[in-house]
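Next come the structures, one after another.
What follows is a pair of complexes built around chain A, which joins chain B in one and chain C in the other.
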Partner chain A sequence: MPQQIDWSVLWRPPFGEMVVGAVLTTLELSLVSWAFALILGVAIGMARAAPLRAARLLATAYVELFRNIPLLVQLFFVYYVLPRLLPEPLRQGLFRLGWEPASAVLTLALYTSAKIAEHVRSGLNAVGRPVQLGALSTGLTWLQAQRHVVAPLVLRTIVPSLASEFVTVFKSSSLAMTVGVVETSYLTQQLGLQTFHWIEANTMGIAVYLVCAWSVALLMSLVERWSRVPGVLGRRTLP
Partner chain B sequence: MGWAALIQLASALLWINLRLTLTAIAIALPVACLFALGRLSRLPLLYYPLTAYVNVLRSSPLLMIMFWAYYTGPMITGSPASAYMAALIALAAFEAAYFTEIVRAGIQSIATSQRRAALATGLSPAQAARYIILPQALRRMLPSLVTQSIIAFQDSTIASVIGVTDIFQMTNIISAREQRPIALYTGLAAMFFVLCYGLSRAARGLESRMAARVAGGAAP
Partner chain C sequence: MSEAKGIGRRGLLGSLGAAAALGLSRQAAAETAPCAEDTLDRIKRSGVFNLGARQSTPPYGYVDAQNNWTGFATEIAQAIHAAVERELKAKIKLNYVPVTSQTRIPLLQNGTIDMEAGATVVTRSRARIVDFTVPHFLTSTEIIVRATSPVKSLADLAGKRVGVPQGGLEEALYRGLNQSGRLNPAVAIIGFPDHPQGFTALGTGTIDAYSSDGPILFGMKAKAANPADWRVFDPGANVFLQAFPIRPESSRFKSIADVTVVEIFADGRWNALYEKYFGPHGVAPFEKTPALAALALMNAWPAD
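Now for the complex of A and B:
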């Protein structure tokens, strides 16, 4: 082994501050993307069961498009290609304002929303149909039925699947390093390349993602317990 | 953009991404079958380490596992690995964790009565697993395995981050040389879409055919 293990590289200047900043960037990227993805995903998932054929087709195309292209390719498409379709001054403004993190958030949100939409649709198929018909027969409009009856029930039943997507957002956010966002993976690589303390750097990197993943899993299991529909069995496995 | 660039792209796709994915799956699937049995076993020495393995690998980004394999691996083993080798090890280890959970769920979905019947005919537990449980479970879990394999194929592009010249990296190189990013990245996205959508449609077809057969077989 080329050198001794020295954990202090992780908090000694100049890296200590950078580690904290990178971890905060990972949190920020993931949480902002997740918020957008949740709203968009629920809307598109609902649209896939809408009474309008065009809405259904569009929503299905959206989901298939984002599901079948690697996230890395999507990210580069959004980061490189989209700005080139804009007029020059607008493009420069975009890059001045920080297109790197913005393109990462946009890509992550679109990609994750497609996956959430899939879960919403399968939740809708599992519990929604009779409830939806019942709600409509009481005289609610389609939108009212979704808003007051179907969505609350469906969302509560798909909490476990949403939890796993929430964890995936944190994992996926690591790809933002490829467009130059200084988040945890980026800093892990830089720390390793500059100090050659790879074991320490990589341990830090993976620990950050594990702590994020397990905190989210814990949080979502609390949400699951709190939002459980009475009378419906949760994820409890039978003996 | 000439034929040379297209040939470069196609060979990167076949020789790197496809080979990487298929080799990783070929390693991960048998490993996952063993791991799944371990996850279902009552021996704490098997159950806890394997559960921890699955949990850790599934909670961390593939990119991080590639960093471990590429940067830290050689420091521990003392021998340098090529970027391709590191990517292969990382992808295989990563997919093994996902496959383990798919196989475990598949085995659990085969009723315990099947196992009891097998044991009653005099088969050993290992024989029951090999001849009775696994063939049925594998058939049932095939759609999920195909879906996960499609995800693995998409994830193989992440190898470019540790320096493997796969189709994504090749696109970056040609895009820098020819200054035609719009055509190149759109083409790359379209290529992946056609391949992955086609495969997932085929998997869905398989699923409904199999569901029909199971339903038919269940009828008296």
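Now for the complex of A and C:
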């Protein structure tokens, strides 16, 4: 039973290839979910201050629904139940596409977008109504005002909150293993079971998530520095 | 006042330190104990027999409607617990620890459980890591599909989506069949954390077939809302022995467990258990194969 530590299980064939594949799957899941979540989250967040009452209500309902159900429960619902509600041809299409990663991306994107929408709302509150009114008073339509004045300011304000959501996406992507996606967490278990080198396999998992998180933090701090508008940002400069 | 606060703080820090030290020494003990100590001594010292058991894998191990741990494998393990009590002439607490096919070996290795009673197959790679008791069962990998499914043989699976338990043998089996070209186009293999999730996915149509140990699939079928909706068949891919994994270097514990299993075969209890769980009116009706009958004969060692 006393087993020698042997790090080579992480790269010698056939495991090396499996590790690379699983890490790429984690990156793919996280980045694709993040891209969808960012677009959806910003749109929904901005909609919460829209002049249209129906849009505001819809956006609030969306956020309150997806933000308040545990991610794992949502994932099980999407993976197991959603296909049942779809017509047969669409269902077969989804299965051919790879329903395991697709359901994970869908769930992660919905959940994360609801959280991003909340950050956008807090950003809107921070930037404040005066900017909104000022932009409208120049003759811009509501959409133009959002696009050219309000959104750029809001997004810059919330870069630090977005960074933490971005890191969370990577961590949450590990839940995809429960629906059979062979990503990093799944592989750590698979590797442990096949080689019994649990220490090496689980350490690898930890290292992958840490490197992802640190890279995202670095990237977002660069974004923050690059997007900073001197003198404009910060509540105190606004009346 | 400030002095009292200071003492309080030191006290807190001190107790934290003590707790950390205790935690570390416990951890160290857990790491060395499995290698150094015969499982029988560990049970005697602690007064507890930690049994890794299956919660939802009928007919081998499950929690019944009265909330009791039971099943074919669980009952044999209960007999081993009784034999340990007789050997030690002491009351030993039987502590059930729920395990899955993923957690059973690591939990045995790190000392959380003393033995696992489920549907664990004896494989060469596992035998290098743990010891096995005398095999108590013999089955093969089978496939469950909807009764109306066109899948009737292994070849029909080509291009379909097949679910397997994570940590079982099936994943490697189907990967091998894909690589050798026996299944062309390849099957998509989807691993589930445990059997119920796999059966749920089959029920919702997320996968076309679920594949695992035969009687587990018969157990699923028997427990389904309408058993006639499901069909189980043997693709003839393999045959294997099942036994209880235990920690190595525990020869005294192993001999008690082995002799208990053999006695169960020899005195007719094995047949009674078989009837109860696999017989025509059992939990998961499963026809006795000639190989299984041969195992029952071979493992009934003579008493002298």
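We adopt the following convention: the second predicted complex is superposed on the first by the 229 of 239 C-alpha atoms of A that agree within 3 Å, B and C clash if a C-alpha of one lies under 4 Å from a C-alpha of the other, contacts with A are read in each partner's own complex, and residues count from 1 in each chain.
Note that in this section a contact is a pair of C-beta atoms (placed from the backbone, for glycine too) under 8 Å apart; a residue touches a chain by one contact, two chains touch by 3 or more.
Note that the structure is a prediction, hence the values are computed from the model and not measured.
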| item | value |
| --- | --- |
| Partner touching more residues of chain A, whether chain B or chain C | B |
| Chain B versus chain C as contact partner of A:E100, first or second or both or neither | second |
| First (chain B), second (chain C), both or neither touched by A:F77 | first |
| Which superposed partner A:L210 touches (first chain B, second chain C, both, neither) | first |
| Which superposed partner A:L90 touches (first chain B, second chain C, both, neither) | neither |
| First (chain B), second (chain C), both or neither touched by A:T178 | both |
| Partner chain in contact with A:Q194 - chain B first, chain C second, else both or neither | second |
| Partner chain in contact with A:V20 - chain B first, chain C second, else both or neither | neither |
| Which superposed partner A:I39 touches (first chain B, second chain C, both, neither) | neither |
| Partner chain in contact with A:Y186 - chain B first, chain C second, else both or neither | second |
| Where chain A meets both chain C and chain B, residue numbers | 1-2, 80-81, 84, 177-178, 189, 192, 198 |
| Residues on chain A engaged by chain B in the complex (per definition of touch) | 1-2, 64-65, 67-74, 76-77, 80-81, 84-85, 167, 170-172, 174-175, 177-178, 185, 188-189, 192, 198-199, 201-202, 205-206, 209-210, 213-214, 217 |
| Parts of chain A lying in touch with chain C, wherever the complex brings them together | 1-3, 79-81, 83-84, 91, 95, 98-100, 177-180, 182, 186, 189-190, 192-194, 196, 198 |
| In the complex with chain A, residue positions of chain C that touch it | 34-35, 102, 105-106, 109, 125, 128-130, 161, 163, 166-167, 171-172, 188, 190-193, 197, 200-201, 204-206, 247-249 |
| Chain B residues within the chain A interface of the complex | 56, 59-65, 67-68, 71-72, 75-76, 150, 154-155, 157-158, 160-161, 168, 172, 175, 181-182, 185-186, 188-189, 192-193, 196-197, 200 |
